[in-house]
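These notes open a run of structures that come right after.
Shared between the two complexes below is chain A, which pairs with chain B and chain C, respectively.
Presenting the complex of A and B:
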């Protein structure tokens, strides 16, 4: 799987990310590192514990990471979830569902990207 | 008849009015008369009171006047010897009397006026002289010339005897001043002066003089004359009045009310005697109430009455009007209700063919509501027994004749229509049998709970019945179809479980063998390989089953989006090429006449279709065989819909005609010695067929055992026109392109495709010709910018040609190798020969453009990177970023720009790292805003407030995704110098650094 395909699959912004990271190799390396990023699990844990502040922080971080990596598909729900949580409202409902789905897509694509490598 | 009715009703309505109006009129007249009498009475009382007062006042005034005159007489010194006006009388000045005359016993009248004394003899024998000489003091009326007007009027005089030495020697006459008298008794009623007369009546007079004197004291106007009370009365009336006045005098009553009828109306008058001796002073005051005032008053009161009456009449009229309106509305509603009822009846009549009224008590029937018996079997009214016989005779079925007929007897109907049942319904076939009828027996009347009168309503229900029967048939069919589907499902399930069990058994069997052969490595290897293969097969089978069930349950939907044909081919190639390669088969991809490269469709599903067909082709084609896939434009419809034909052909083992019939059925695989070894789920073609159907396309297969198979898939896809404006070529400064391929068709095809993209290209059919063309272009100073070379050519091959051309063109042009084959093994050699890149056949403009831009960008990036490094080179950043990954990215980006950095994972740590750092270590701080422990604003403030030597100077840039004006303002307010929007790119960072450096 090429990096371009990877971004196509997850609905990411290949061109913009390439312009910032300057090489596909670097894009791939960072994309693979996303697997270990704890923001999503932090967010889920905080939502489970009903800790609005922590959930907001985690969502905000996740949003930032997605933006940085050009994972636009994941960035969009993360942005919405962040804005809901910003007001202290834990009722993230459908946006969180979308976020979960997109996260699943991104993670399986990341795994595929890793496997195609080895 | 109707008209008369209305007239009566009209009369009924107006009768009250006709009665009421005269009553009102009579009452009104009575009211007026009463009013008039009341006014007259009131005025009478009023005038009586006034007249009495006048009489009383007149009496008192006259008494005073008499007393005064008597005093004067007592003081008067008369010279009896000398018959003259008493001397001392000349000095008397009376407020009451105008002047005082003296009459001597010698019958001479002496008058003193204005200093002169006048004497004249007394004529006749006036009453006052006789009475005076007899020592009586009294009052009399005298006709006197008015001092003002000159007309003669009667005035009052008082007389009294004058004595001298105890003997009566004369009489004094006091003449009243007119003004004085009048002022005393001036009375007005409502500004109308009233007439006051003073009469001296001699009712017993010897000479029958009824009225001796009349004095008009006050006249309401000049026309009032002094005339007899009786002047305008008839003889009878005069007599009556006279008697009344006599009675009044004799009984000394208070007064007498009397109404005179005058031309101005009734004049109320009152007679009152002046108190005193009526024999001596029979003076009578007559005071009248002005007729004009009475008339005015009655007019006012009557007007009020009239208003009242009119008001009454008006309210009555209003009441009648209201009643009329109510009546009208009610009437209208009634008409509407009636009409509604008519609608219902009409509608019912349409529903039912016959209405028959049946009296159960006397056993008769009658057709009603304009319905009549059919034919002439029965009369329209008669005995119920006849009707019943007719109905029963009309039944088609003997069963009905017996069973239903028994229910139509009168006792049976009465029994059935018990207290809880109001309606009976029976259905039966009649006549020829095709007609169905419904008979409803509806209870109309009951006596003691037993039905006495009923209505038979008959309805033709043939159509309804037919539908009912039809739907029964349809239900049966649907049930049968459901059963079939169910059976198919169980067949499918049993097939599926059979197919699953086979590889499953293999897995279980080999794993059991594996257990036994743990000590034999070569066996372990073999078994585990077989387990793996079976597992893979099982997985594929399950995936297909899932797909199949999705398709069957309609859950699969097409995900339409724009895709390019080149991507589609590329993906197919990447999957199929390795499989084909493993079997040493040649795989050829071709396109024909494609005008568009972009279409809207479900790429994934199209891919699945082609992959299914192609993998079958690979499977059922022996090693070394040929497989070809082509995409061909075969026509177009409106709205940019193109017919695209995908053809996959192989020279494999082919299929029998029998199998071709069931090729798309699930779990069908041709069983023969050749296919025995080949693994498959048997669902692939079923899925393929379903997907093609889903897309509205067609699939066709032609095959011959031992010769090969050709699948043709036709799809209609919407083309996306990307109007190419040729900007691309200008952007990359490409003016000339050369194509080199030994197949002229390919060259022409490529040139044509480029022409669509607004680019003209030349072509050569071998390396030598290409060399010449390039040489010429260089010589003409119009060198080719891009050259596309086929890899496999007779004579000079692609790489060799490239090497030749590169020598002529130098570094400026881009050389591409176009090939249908794997280029890995020559990649190195080609690069050395000066080839910039490779492109897979078939040629696509989009792929071509991508390749060009990739190569050009690679070149410019390399150039840019070296130029960029300068700004950030050698800088040392402190980056506050709580996310590890973002931190790493930032670090690496900074590093490739020749900068270094430390990462702080929150605001607190950033402050600590900064304050503990030696002065001048960090050139700049990049501050994330949202951080745990301490956020970016707080951290900035803490840094600015610290005692570090660079605390105030070190540039701090905020990094935030929220680039709202407010956030920027807040960042600057907390002490930051710049704001960098996330995600941070080197360009933005560089610009920010340059900006800060410039500010310094």
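Presenting the complex of A and C:
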């Protein structure tokens, strides 16, 4: 799997990210790093515990990481969830569902990218 | 600092709760720098606390657990670190309230997500360069002020020496007047707070004092240098020198409105006025005589008395002071007599000990004042001195059997020195919101914390030491311990409790 294919699969913005990262090698390295990023599981745990502050921070971090990596598909629901949580509202319903789906897509693509490497 | 020595890499502190974001920034900025990483605000403050002089730049995220970016900025302001450590905020929030609040807290720049490698690199480099340049410029300005001041004083001195040369008076007279004038003015400000001259203003009056006798160029040298007593007619001619000197300055086509020339005008025209109104040329009385002229007049009389002239011997310092105070040499402002009393020894010391020029001294004072006004609290050298003090302190703390701590209220943090917290069962060096820390409750109980807090809030700047004792968990056991702490206050008219330093030790 090439980096371009990876971005196509996850609905990310390849061209913009490349223009910001200045190298495809860097894009790949950091896409692979996303697998170990804890912000999604932090967000799920905080929602479970009904901790709105912690959930906001985790969502905000996830949003920032996705924005940096150009994972637009995941950034969009993460943005909406962050804005809901910012007001202290834990009702993230449909947006959180979309976030979960997109996260699954990204994670399986990341694994494919890693495996195609070895 | 680091640009002066290319071997040393500048160190950048990256505070962001996302590991990926930190790694990305490090990757973008490359191996031209060293990095320190903090995953939240408490870690960031900890790193700065343990050697902020090493940090050339801080990249700061706003939303972080435990202590957010604003908390870090508040700590940096409180401790003065913000003055010479630039901070760039990294945030996706485009909220302008956020930006405004950050800029008000002394932030230099903003980097928005998503990161653009080129922009991040340039912003960081520009900020570092700007700070480096600012430091160099401050040095350059100081040098130029020094050169200008030196050249100005040199021209004025040459000019005045021409007058003296014609006057056949003693060479150092001009120098002496300047020194005495400045000492008197300084003493005046100290003794009478209604006189508020800055160092720069004092230096200006000192410089202007050199021109007090320029009018004498127009006095025939037969009168000027007559060894014997002047006839009433000759004295009448002699007396014209003050008004003539002033009008020489008044007809200057340009510089007339410059503070130096305005001050010199007052001094030239009125340095022979008397406080009782019986002087010349205008017979001004009391405070009608500008204070600069009054001071130079007194300096002139003192130096004339204590110097040797063709027609008289030098009078000893103490005798001269006595004669002046006794009203034998003119009538002066009583407050200046008090000032003279206070600074008489200093005048004697300066005139007899220090013959060297005091430009350096002036410059040092003026620079210090400028720095103070702009609240640039610490130059690089002070920072490294403080750094050394801190290391010394940490060393002694490590040798001590006591648990030492520092408490600050904004941000609300308790910091343990040299692993003291571990002995109390506290896992982190810095404890945010100590009153609600579970580990501290475990250690000494919530009531003890409340008691200590109440004692601190009951302390006053005059009575700022607090003590208490009780059983606490230390080194794994419950022991009887004592606590002594010094409450810390902000400076200013209404001191405010800002924190405390103290120690806990076993009493058994």
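In the analysis below, the second predicted complex is superposed on the first by the 118 of 118 C-alpha atoms of A that agree within 3 Å, B and C clash if a C-alpha of one lies under 4 Å from a C-alpha of the other, contacts with A are read in each partner's own complex, and residues count from 1 in each chain.
Please note the rule applied: a contact is a pair of C-beta atoms (placed from the backbone, for glycine too) under 8 Å apart; a residue touches a chain by one contact, two chains touch by 3 or more.
Values in this document were obtained by computation on a predicted structure and should not be read as measured data.
Undergrad: Please work out whether A:20 is in contact with chain B alone, chain C alone, both, or neither, and reply first, second, both or neither.
TA: both
Undergrad: First (chain B), second (chain C), both or neither: which does A:67 touch?
TA: both
Undergrad: Could you say whether A:28 touches chain B, chain C, both of them, or neither, answering first, second, both or neither?
TA: In the superposition, A:28 touches no partner, neither chain B nor chain C.
Undergrad: Please work out whether A:39 is in contact with chain B alone, chain C alone, both, or neither, and reply first, second, both or neither.
TA: A:39: touches chain B and chain C.
Undergrad: Check whether A:80 is in contact with chain B, with chain C, with both or with neither, and answer first, second, both or neither.
TA: neither
Undergrad: After lining up the shared chain so the two structures overlap, which partner does A:57 touch, if you call chain B first and chain C second: first, second, both or neither?
TA: both
Undergrad: Which chain A residues are contacted by chain C in one complex and by chain B in the other?
TA: 19-22, 26, 30, 33-34, 36-37, 39, 57, 60-61, 63-65, 67-70
Undergrad: Within the complex, which stretch of chain A touches chain B?
TA: 19-22, 26, 30, 33-34, 36-37, 39, 57, 60-61, 63-65, 67-70
Undergrad: Taking the touch rule as given, give the residues of chain A at its contact with chain C in the complex, in rising order.
TA: Listed in rising order, the residues are 16-17, 19-22, 26, 29-30, 33-34, 36-37, 39, 54, 56-57, 60-61, 63-65, 67-70.
Undergrad: Can you list the residues on chain B that touch chain A in the complex?
TA: Result: residues 861, 865, 882-886, 888-889, 892-893, 896, 928, 930, 932, 961, 982-986 of chain B touch chain A.
Undergrad: Which residues of chain C touch chain A in the complex?
TA: Listed in rising order, the residues of chain C that touch chain A are 17-21, 23-24, 27, 63-65, 92, 113-118.
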